[in-house]
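Should a chain be cited, it is by its letter among A, B, C and D, assigned in written order, with residues numbered from 1 in that chain.
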Amino acid sequence: MIVAMWESATDDQIQEVTNHLVKMGFAVHRTTGARQSVLAAVGKRIDFDIRELEVLPGVQGVHRISAPYKLVGREFRHEGTIVRLPNGVEIGGKQVVVMAGPCSVESREQLFAAAEIVGRAGAKVLRGGAFKPRSSPYTFQGLGLDALKLLREAGDCYGLMVISEVMEISQIELMLPYIDIFQVGARNMQNFNLLRELGKVRKPVLMKRGIAATIEEMLLSAEYIMSGGNYQVILCERGIRTFETYTRNTLDISAIPVVHKLSHLPITSDPSHGTGLRDKVAPMACASVAAGADALLIEVHPSPDEALSDGAQSLFPEQFAELMDQLRMIAPAVGRTI
Amino acid sequence: MIVAMWESATDDQIQEVTNHLVKMGFAVHRTTGARQSVLAAVGKRIDFDIRELEVLPGVQGVHRISAPYKLVGREFRHEGTIVRLPNGVEIGGKQVVVMAGPCSVESREQLFAAAEIVGRAGAKVLRGGAFKPRSSPYTFQGLGLDALKLLREAGDCYGLMVISEVMEISQIELMLPYIDIFQVGARNMQNFNLLRELGKVRKPVLMKRGIAATIEEMLLSAEYIMSGGNYQVILCERGIRTFETYTRNTLDISAIPVVHKLSHLPITSDPSHGTGLRDKVAPMACASVAAGADALLIEVHPSPDEALSDGAQSLFPEQFAELMDQLRMIAPAVGRTI
Amino acid sequence: MIVAMWESATDDQIQEVTNHLVKMGFAVHRTTGARQSVLAAVGKRIDFDIRELEVLPGVQGVHRISAPYKLVGREFRHEGTIVRLPNGVEIGGKQVVVMAGPCSVESREQLFAAAEIVGRAGAKVLRGGAFKPRSSPYTFQGLGLDALKLLREAGDCYGLMVISEVMEISQIELMLPYIDIFQVGARNMQNFNLLRELGKVRKPVLMKRGIAATIEEMLLSAEYIMSGGNYQVILCERGIRTFETYTRNTLDISAIPVVHKLSHLPITSDPSHGTGLRDKVAPMACASVAAGADALLIEVHPSPDEALSDGAQSLFPEQFAELMDQLRMIAPAVGRTI
Amino acid sequence: MIVAMWESATDDQIQEVTNHLVKMGFAVHRTTGARQSVLAAVGKRIDFDIRELEVLPGVQGVHRISAPYKLVGREFRHEGTIVRLPNGVEIGGKQVVVMAGPCSVESREQLFAAAEIVGRAGAKVLRGGAFKPRSSPYTFQGLGLDALKLLREAGDCYGLMVISEVMEISQIELMLPYIDIFQVGARNMQNFNLLRELGKVRKPVLMKRGIAATIEEMLLSAEYIMSGGNYQVILCERGIRTFETYTRNTLDISAIPVVHKLSHLPITSDPSHGTGLRDKVAPMACASVAAGADALLIEVHPSPDEALSDGAQSLFPEQFAELMDQLRMIAPAVGRTI
């Protein structure tokens, strides 16, 4: 950490800041320049509130030097993390893994139809929501445990791994026997109680970026899971909130190469939630793979017009099959396969 | 709801949209203009996904006419809601209610000192965090139940009501005997499971705006609580995320008059979290009252330099007393008292 | 336009709004529903300030039905516009056109080297800035007329068309003999005086999206040029300002399919300014083509380390050649060539 | 400037960065910590592109230490700048100066009526637009020179100073004889050619913050004017673009205390453009004064319903008079008068 003092800072003020840094556990080096003094604080601690220093008299600015995370950083692990699923599929490897399925599990018929469609087209993981707390208390709230059982059955039937969203600590135990990947939604990216519990689990966690979260904050949340001992973390870009209103969110595709530079963790793109509009899903899925995404998360429904949730952003079966064909052409351009 | 069709829309497309609207429970009126047809859908339903219509062929745009909420709207209740606390203090009445205290309850000594300071200066409600899940698993996580007991004791001792944040459903029962107002943090504004349970409680809920939430989304979350039967909801502006980085968030003071126009619910301003910087708290507290805020939520610590959390945005005791004096001069300009 | 009245609106209020609409030149149809009255205003006028109605008593909300633009819309022209350059290259056709070159024209040597590099790799248009007003009055301000002459010479020498930025009305005449495409920078997207003059010119205009402009506002600015008689307008996405700070801007790739839906005009992507970081340019260029961009605008410098401006986001010659090879593999997946 | 190297950076990489810094004119101090090396670059230069260093191999991050501006900073001038107008009114002094009038000068009758209204209520400066390039080429474009003459006459008649917006370099000479303050609109905040010319003028310049400009960028633009020799610069907050759509922009009131901390220049608030809605103007004007604004810029029209532009955000005469009464009550709370 670097603390720059104002040109007008007194020696007493510089001393007070130095004392504060020492109390925080840092060794301090002082450089006195023509215009101002600069304090370099060196140490191993990464969790501190820089504002504690910013409010001290005489301080012009405080700059973090080391990243506020450690385990998720490229410095900690140079080669990319590969998350291996039980059936051998690898997320973060040469193959771009497509995870697809309906927003919500609605019925056995619907889910098995979806699983067959996505599996046949080349998806490796089946997605489907079991718990659906919604903004209106009157709308469909998900099938819960029944959905989990159906996901497992459908996954096994069609040779697909299974991913579903966990929303509360109490659901972890319930889900463990049925799913292969825990999904953490954008709204829970900073639900630290939930992240802490997922740090104790020994199954992969796919964690979505919050709609107002910086890339650094996403990495910090991943660090939280990893610090609990679970190193199988997959990141996911799913759109951020901006002033543009035509799309529901703005899918920040540049987050893909940025994450690859800063971290060894694989990163997924979710063009369905990222745009909220069916006819934007395919172009943004193609763009994500072209930008280097390790995986995709896509909503597909056997008949989107009858979907109980998110039908408007779900692909029709034939659209998904066409998209997979496009992706197969794009992947080799970036050294990948589908 | 209004559905505008493209000039090029066919009669079949218009019919299909009409059928869809009827299936959703609306009566449909068609207006055919020089350039295009427009369908007006009339009905009582307020919970629907307009994107279902947006993706239909021939549709140019879909416009909500009625607000997506009902109970929180000014149309539902013209006079402003007044939330009455057990000791007679009213939030939403003529008096601007100041709630103040430390970020976290750290010890009996700290909390009682804080309570005395804020009470003497004119605050009516004592704030203090009991549960503090933090981004780092190594930092202070709050005193939990002990904090709640201390809050009650300190509140009773100094004649203050007590507010504290609830983060999980399991904490509601625990908190009920000790606190007067449940606070819902910005990160939980769309935790619908939690909101549903708070709808069943018979104590006031102060709900903060999420950092990426529109005013309308804040009102929808309040609707969620009210639809459960709890009408004692207090809103709170606490800063939104923008491109400006000097302040931690941008306190959207215009949300105060906007909420007063759209809703009958009282609205609080939290300049401590809204700016994240101690020397910006007083100006923004003054601005909030001048803009019509019904209440303020302010972090005050007996000795901010030693605070275990958020010290940088906590006021010193004498700063808080001075601020209260300023507020007493401003309030009459907008027809209020402190 | 639709005006929704509050349930509590009086007949007098409804009449006043109706009169106002008639005065604005609209025919008015009134629908009275169970909860409220709705006025549908039908007419040809597209330029009005809806806030004039929003502030009238009894008005709940005002909704535009027709787009606020006409000439740029897909309804006006169903097939995509193809901008034909003097040498036969077409922007908006099957081929994705790559425009590349240095940020600024610095010298004959530098520009000719750049032109050879980008031409050999497959670019069809040479870019280079002539006027460089900069935030510091002490830094390089561009070579002006000399730069324009060099651009023409280098373009002719290597068979490339030439694009350069126009910043003031007075530069139009100066530039006309030398360039093939006028570029309007993001900061001038709403410089309506400049746009009006470019509407009178008979050369293509590539207009960049402002960093805080919605897609609709970009289309409105294009409408301004077209309404002057110049239909050869090319749009350009170059990044919007969001809360994310790692990248200089957030390149909104979803703007590409959105523009293709709303408008017949071709759209370019500028990954150099969109990210501001050299190592993000190639992934975002690939993503743009995969999402359907009609053209790319890329900064390439013979030796970026010595560039007088924007060196950090300029590609090295060999990077550009590699990128072109990648793009050649991606384009066929979306039915295009490079 | 501080350059933090990765832990894995080689000595050669560190040497290369050092050489680059020396070439840029800095003296370099190296600190080697447990985890990484840090280079402190000390010098007087403030205009450089930190990305030049960010892209060098081995660099983890680059941090500016000194502000990128000098003349506008509090370090350069500790006491606040007071801009004295010809009639003795001071902006930046104890009195909060209210500037008011119509959006556009529409006629002698309208302007004189407005001047009488705002002057009688206590405004010291008359505002009015002369040049109105609008998004539609068919709407009112302003009276130009006639408007300037009317402003001068009306100002002299009612004892008011005069402010009007300059949009192009060519207008400066034209305006000089008639106006007391040049206003630079939000869209021109980074029109460096215009700013450079205004730096040569010897009249005050009120410069508005761009809707996507950070506070630091606003200060940099003010620096541009000052570096030309014109030190009479007044800043103006007028709303930034955020995801919230209810208000036209989000008036960032926290910019007022932030500017007061960073700079000695006075800062104005424009609640009319900041909200775009008449009924939000008064609360936000009150909030601005409570937060410490040195001046206000408010749109007032003798009959807003008939205004040719921005009628929806213009106050009625009686609303303005009431607001002035409110402001007179608030100002003393922050040590000011109106």
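Following the convention adopted for this analysis, contacts are C-beta pairs under 8 Å (C-beta built on N, C-alpha and C of every residue); 3 or more make two chains touch, one makes a residue touch a chain.
Treat the numbers as computed from the prediction; the structure is a model and nothing was measured.
Chemist: So using the touch definition from the top, which pair is joined by more C-beta contacts, A-D or A-C?
Modeler: Top pair by contacting C-beta pairs is A-C.
Chemist: Looking at CA centres, what chain is most distant from subunit D?
Modeler: Between subunit D and the rest, the longest centre separation is with A.
Chemist: Nearest whole angstrom, what separates the Cα centre of subunit A from the Cα centre of subunit D?
Modeler: 39
Chemist: So the centre of each chain is just the mean of its C-alpha atoms; given that, what is the distance between subunit C and subunit D in Å?
Modeler: One centre to the other, that is 27 Å.
Chemist: Suppose each chain is reduced to the average of its Cα coordinates; what separation in Å results between subunit A and subunit C?
Modeler: 31
Chemist: For subunit A, give me the residues that contact two or more of the other chains.
Modeler: Answer for subunit A, listing residues that touch two or more other chains: 212, 241-243, 245, 279.
Chemist: Contact residues on subunit A for subunit D in the complex?
Modeler: Per the stated touch rule, the residues are 2, 4, 6-8, 27, 29, 31, 33-36, 38, 40, 42-44, 60-61, 63, 65-67, 75, 78, 241-243, 245.
Chemist: What residues of subunit A sit close enough to touch subunit B in their complex?
Modeler: It comes out as residues 46-47, 49, 51-52, 54-55, 133-139, 167-169, 187, 190-193, 196, 210-212, 220-221, 224, 227-228, 241, 276-279, 309-313.
Chemist: Contact residues on subunit C for subunit A in the complex?
Modeler: Residues 212, 214-216, 240, 242-247, 250-258, 261, 274-275, 279-280, 283-284, 286-292, 326-327, 329-330, 332-334.
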